[in-house]
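Here subunit A shows up in two complexes: once beside subunit B, once beside subunit C.
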Partner chain A sequence: MSLAATLLSGDKLQDVELTRRSSRVALLVGGLALAAAVLLGLNEGDHLRRFFHAYLVGYVFVLSIALGGLFFVIVQHLTNAHWSVTLRRLAEFTAISLPWVGALGLPLLYPLFTHHGVEEHGGLLWPWIHPHGEHAELIAGKRPWLNPTFFALRMLGYYAVWAALGIAFVRCSFQQDRTDDPAPTVRAKRWSAVGIIVFAITTTLAAFDLLMSLDPAWFSTIFGVYFFAGSVVAIFAWLILTALFMQRTGRMQRAVTVEHYHDLGKFLFAFVFFWGYIAFSQYMLMWYGDIPEETVWFAQRQTAAWMPVSWLLVAGHFVIPFAGLLSRHVKRRLTVLGFWAAWMLIMHWVDLYWLVVPGLDSEHLTFGLIEILTSAGLVGLFVAGLARIAGGRPLVPLNDPLLPECLEFQNI
Partner chain B sequence: MSAEPRLYGVLAEFEDVDSLVAAARKVREAGYTRFDAHTPFPVHGLDDAMGVQPTILPWIVLLCGLIGLGGGFLLQWWTNAVDYPFVISGKPLFGLPGAVPVAYELTILLASFGAFFGMLALNGLPKWYHPLFRVARFSRATSDRFYLVIQGSDPFFSPATPEWLASLGASAVETVPEPDEPDTPPRWFKGLTWIVTSLALLPPAMIAKARFSEMQHPRVHLVKNMDFQKKFKAQQASPLFADGRAMRPDPAGTVARGDLDPTSTLATGRNPDGSYATAYPLAVDQALIERGRERFAIYCATCHGLDGRGDSMVARRALLRQGQQGTNWVPPADLTGEAVAAQPPGRIFETISRGRNTMPGYSQQIRPRDRWAIALYLEALRQAQAGLDAPGDKDNQEEAGR
Partner chain C sequence: MAEVAARELPESIKPPDLIQGGEDFTSITNTVARVAEYKPPKGWYIAFGIAVSVLGVLLAMLGYLFWKGVGIWGNNQPVAWGWPIVNFVFWVGIGHAGTLISAVLFLFRQQWRTSINRFAEAMTIFAVMCAGLFPAIHVGRPWLAYWLFPIPNQMRMWPNFRSPLLWDVFAVSTYATVSLLFWYMGMVPDLATLRDRATKKLPRLLYGVFALGWTGSNRAWHRFERAYLLLAALATPLVLSVHSVVSFDFAVAQLPGWHTTIFPPYFVAGAIFSGFAMVITLMVPARQFFGLKNLVTMRHLENMCKVIMATGMMVGYAYGVEFFIAWYSGNKYEGFVFINRALGNYAWAYWTMVTCNVLLPQVFWFRKMRRNLVVMFVIAAFVNVGMWFERFVITVTSTSRDFLPSSWHYFTPTLFDAVILLGSFGLFFTFFLLFCRFLPTVAMAEVKTVLPEAHPGHHHQPAEVER
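On to the complex of A and B.
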């Protein structure tokens, strides 16, 4: 008899049939959207250059959610958190979906190894494949790090590390489901200290590789933290929305209370501000230094075409949700909280779009069906994989030693 | 005359949380509004049971934060863009990104102040004393007992209240009298306040006095090593010099700032009647000619040539390119020619000073004395050139033939 069976008797903690159906629907929708996006991309006649920029946006979007989930799991163990136990399994599913996210990245091998677009742009997606233009010499100097083979190997390395981390922590959690002995949870807590360091290093480097190298002459040491801030915003928004979805479909009725949502809302608020703080820290130093090699990146995003998107981020990713999430009442009113979670998830997408697509053409705002369908497709495939991984597994850790505290937890 | 002591309220002691929360709920349901609970630790659900309304503190904090934010921007805008405009590292007088950190910190500072002082104010703190502290058993409120107090001023309060409270599961009920002494601080505290306030007024008073009075004595030296440095100042004695003074007399011919007469012949090259000076207004000697030669080589020879004939490399190259790309080159004057030879030294001085035709003035680069030196050197150069060009001078012909 598990702890959950006693404490949450009568609560529906899994729905195998619904999960299977969700997976099928997501796979179908995602597959169709992505196929349509490929067709539209081929129609552009640019060797899929625009499509792959859109693909990178959607891909980094799902990657950031999965990485956020991994971070959430590790940090809850690290801080010995009580409040989050019933929510942790939802994050654990995104954490072990990292190998699947890695598989979704395989199409990016095409822009990495093809020769299309190499002459005019230096590469179909990442322009360092064949350095060209006024900074060719500079970029060529970075060749020992920025070359397709090493890049692919690094990606493999990151995913190996993330998969190992995800599986290690989540396996502890699954083992705990089957035993009363708290040893698996203790083991997870012990390894969390190492895990968070490994996570920080790999995530930073991955952000440099995937996103910052889109402008290989430009550099910003805070960029990894910037990506991390966005991905933590994404995971809290994601957890709010998935928990709401589970509850609206009759699951986890007693496991998740308004107190848990209140805390998720607090963290969402905190990381909305953290993102703003980091984004501003990056901007202000470059604004003040006013050195062309640094400001060029922002100049690309302050053209007539892209300035509205930059302002949209300032307002929509920071000022408006900051005011919107400030109040305690908002965090405890689930419909409103759900609205802000969806808002932040969309803004997080805009943020990644703003990081990637100006590299395609900084004079024109490239936005259309291709961008929407590609991201919708990737989110669909991500959700399909997620639901498949979740499968028939219970949605809360059944025997976590902190489960009673979690259920009794109240905000003062 | 011993009147009945005024009643502050009635105190009920509970031994566990559950009976306290239950009693609090009943007290609220009975209609009481002026009552409070005291527990050694935060009790979940107690606020709810007591019907405590949400505090307005968050609004105070928000307001203070906004004042900090607006004030931060206003302060920087006023000081740096309006009151004392000053360009710093080429940035706008008021640049929003640069102003954010200060405004941000001020937001946090004032919001924290709002939270801290607002909390104190809303709780009526600091308070000199509280009637409950006169009750001996109340000291257990910070260790292992739970208390409920209904104030005597509550409109629902009646003589039966203590008995009713006892029936709610309290382990003890006690009436709390309002103390006899007035609710004022003791005399010693008042005295101390007076002393501290007077002392605090001293520094501003001293500053005010210093600002509006004249001092006969040197000021107080708080930081001695800054005030007394190992160096000589004016009017001090020094064993280094024969006259025993640290101050050195001015070198001969020194003119104090502002004392130079801009209308003198030395400065203008003209006599008081406006005609050009025909004599040099300073002592002429070999050293002055040498000085002129040196200055001439630095400032004049680039165009006029070292021999003064106006065929320097610059002039020759310009002549070669004459007419190309719209150039219209006026060759530099031959300083050894008749036209210049006929000019008095004062006019040459003026030409060097103010420029003539396409030649710019050199008064900013060359000091008056040196301009006279150049004029003098030109005369020497002319004479030397005349000697050089004289037929039969073998050495010079060889020189010129090279």
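On to the complex of A and C.
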């Protein structure tokens, strides 16, 4: 008999039917939304240039949640955390979805290798593929790193590493479900230190490649940390929302308590602050240094069209949620906490949108159905993958040696 | 429930018994209070004698400095910031472990902090004192150092609010104030314990004054714990802010090697790194001399070694990212600075830094090394050296070869640079040894809360988890 069967008797911790059904619904909705976005994109007559910018936003959005999940899982093992045991499986599902997320990235090979749109726009997505314009020579100098073949190989490498990490840690967790012997958990803990190092390096480089190289003349050493901060905000918001969803649909009733939400809320608050700190550091230093090769990137985001989005980030990604999540009361009032989690996920999306889309056109705010439908489609496909993974699997680690501690602790 | 209660966990994941040797409430008080109540071992007098002598040398040197001026240092164009600024950043960095342990680890419910937080907080305060000394003597006319503060005056002269050097004044003084308050507030119950145990008049009076009339009543404890939690939350941003502002001193400039966006989090990681190294440097001998081995166990030291390894690798990450972006940026000045760091005339300093900060802490991958007092003491010493060199590399390499090759100059420190750095250790250790002698070095009241006896279910079978 598993620990969970003893400690959480009567709790619904497994559900084949509903997850399968949600998988089908999500697949259908996601597929339709994406198809509609492609049609709208074709209608733009720009060789899908706008569509692929929108696609990158949605794609990095789901990727950041999955990577956040991987980070969460590794860190819980690394720090021997007990507060999070019953939540860990929800993060494990997102971590093990990384191969699927990788597959969702395949359409980006098209802008990487096609020659369509080179004459009119100088390329469809990453400008370094066909260096042009006033910085062409500078960008061409980066060819050893920024070239389509190496880029694709690097992406393959990142996904190989992430998938291996995700599968390795989650497999330990699934094995632990079936045995009383704590060996699998000990093994996960042993590998967590190496895992976090590999994670840090690959995530940083992926952030440079996917997002920073959208403006190949621009550079910022903190950029990897910036992307990481946003991803962690995303995973805590995601965990709050998925836990709420599971509980409101009658599952995990006893496994997750208000204490867990309180801790998730604290971490969400902490990383809202951390994101603000990192974003401020990057902005302030470039603003103060006032070197054109750096400030040009922010100048693109401070045009008449994009300034409101920049302010929206300052207010919506930092100031307002900071005030909103400060109180203990809020973190223990689940509907309100759920509101802030949803808010932060939306703001995280705005953050990525703000990173990607000004490169398309910094004079006009490009926002419409294409952006909405592409991201909705990718989230739908992501959720479909998650629901398939979760289908029939236990929703909490059934035999985790620290499960009793997880159910016992209180925020006093 | 029986099988749950009886489970045996492997040591690597089991919640540890933080206090060992069968210490209980009474014996903890005795162990800690004894240090302050009886004459210290002979070693303490020897150490104190040395520390005070070195402090004396510092004071003499400062006198000479004020008499002669800052020309006695190696600072000159183009390296206008020499050792004094290096020393300032070095000491401020060391002062970071205190708040991290007391505030951040408290919020993370890391109970092992209770055995070391008092110690680390004290160290923080003395390190910040040493840090504060250097900018004050670096201004050239130290009797006008108060001009750093925005004091209203009839000439309407204000400091430059747009200068990060002024932000430093606010950041460091805020940090010093809050650290002091946090340290003192946490000590109040323990001071009351010393007051109640004191047999002589003078100690009773002094401990009594500083114990603020603490009664130990339920209500007092309740308020104390709320206040402590709030102060911890308020102190947490300071862990980030102080060294971030210090990093701004460099990073707002347009100088390659200084101007890079990763500086704030990288400096913070480095500060925690060096702070923990200093805690180990002090703790390993102190627990031996003062008989605190049951309170500061191998487990505590091992955890600190892990923090050192983790933060050391964060620093290594920053070194790596800086190098990569220096190439990736395509900026030839940026590229030159980094090639020059690694292969130029300061390569010896750069590789000393990399070896001490990134390579040597890797021995902590082995559990045996994390539990070996000699190894951890030696590595911590190397980390202290490495972190000093990190600030040296940043400060000196970028300025000694700036944009104009005709002004390039190899920086050479003078004897006074070296003696004043050494003297600051005298200042640090004098206060530190006084702290060890007269104040409770371990937070007695807090340590007791992590004993199994303090746990609500201690005397009962674990109850069914009710929801």
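General observations
Keep in mind that, in the parts below, the second predicted complex is superposed on the first by the 409 of 412 C-alpha atoms of A that agree within 3 Å, B and C clash if a C-alpha of one lies under 4 Å from a C-alpha of the other, contacts with A are read in each partner's own complex, and residues count from 1 in each chain.
Convention: contacts are C-beta pairs under 8 Å (C-beta built on N, C-alpha and C of every residue); 3 or more make two chains touch, one makes a residue touch a chain.
Owing to the predicted nature of the structure, the values given are computational and were not obtained by experimental measurement.
Applying the stated clash criterion after superposition on subunit A shows that subunit B and subunit C collide. In the superposition on chain A, A:L312 makes contact with neither subunit B nor subunit C. When the shared chain is aligned, subunit C comes close enough to touch A:L7, but subunit B does not. When the two complexes are superposed, the chain touching more residues of subunit A, out of subunit B and subunit C, is C.
In the superposition on chain A, contact is made by A:G141 with subunit C only, not with subunit B. By the touch criterion defined above, A:L27 lies against neither subunit B nor subunit C after alignment on the C-alpha atoms of chain A. Contact with subunit C, but none with subunit B, is seen for A:P404 once the two complexes are overlaid on the shared chain. In the superposed model, A:Y288 makes contact with both subunit B and subunit C. Taken together, the two structures place residues 284, 288, 290 of subunit A in contact with subunit B in one case and with subunit C in the other.
Residues of subunit B that touch subunit A in their complex: 42, 44-45, 58, 62, 89-91, 95, 97-98, 100-101. Contact residues on subunit A toward subunit C in their complex (touch as defined above): 1, 3, 6-7, 80, 82-83, 138-139, 141-142, 145, 180, 182, 185-186, 189-190, 193, 197, 200-201, 204, 208, 217, 219-225, 254, 257, 266, 273, 277-278, 281-282, 284-286, 288-291, 293, 401-402, 404-405, 407-409.
Residues of subunit C touching subunit A in their complex: 1, 3-4, 7, 9-10, 12-13, 15, 107, 109, 237, 240, 244, 248, 251-254, 259-265, 313, 317-318, 321-322, 325, 328-331, 365, 462, 465, 467. Residue ranges of subunit A in contact with subunit B, taken from their complex: 280, 283-284, 287-288, 290, 326-328, 410, 412.
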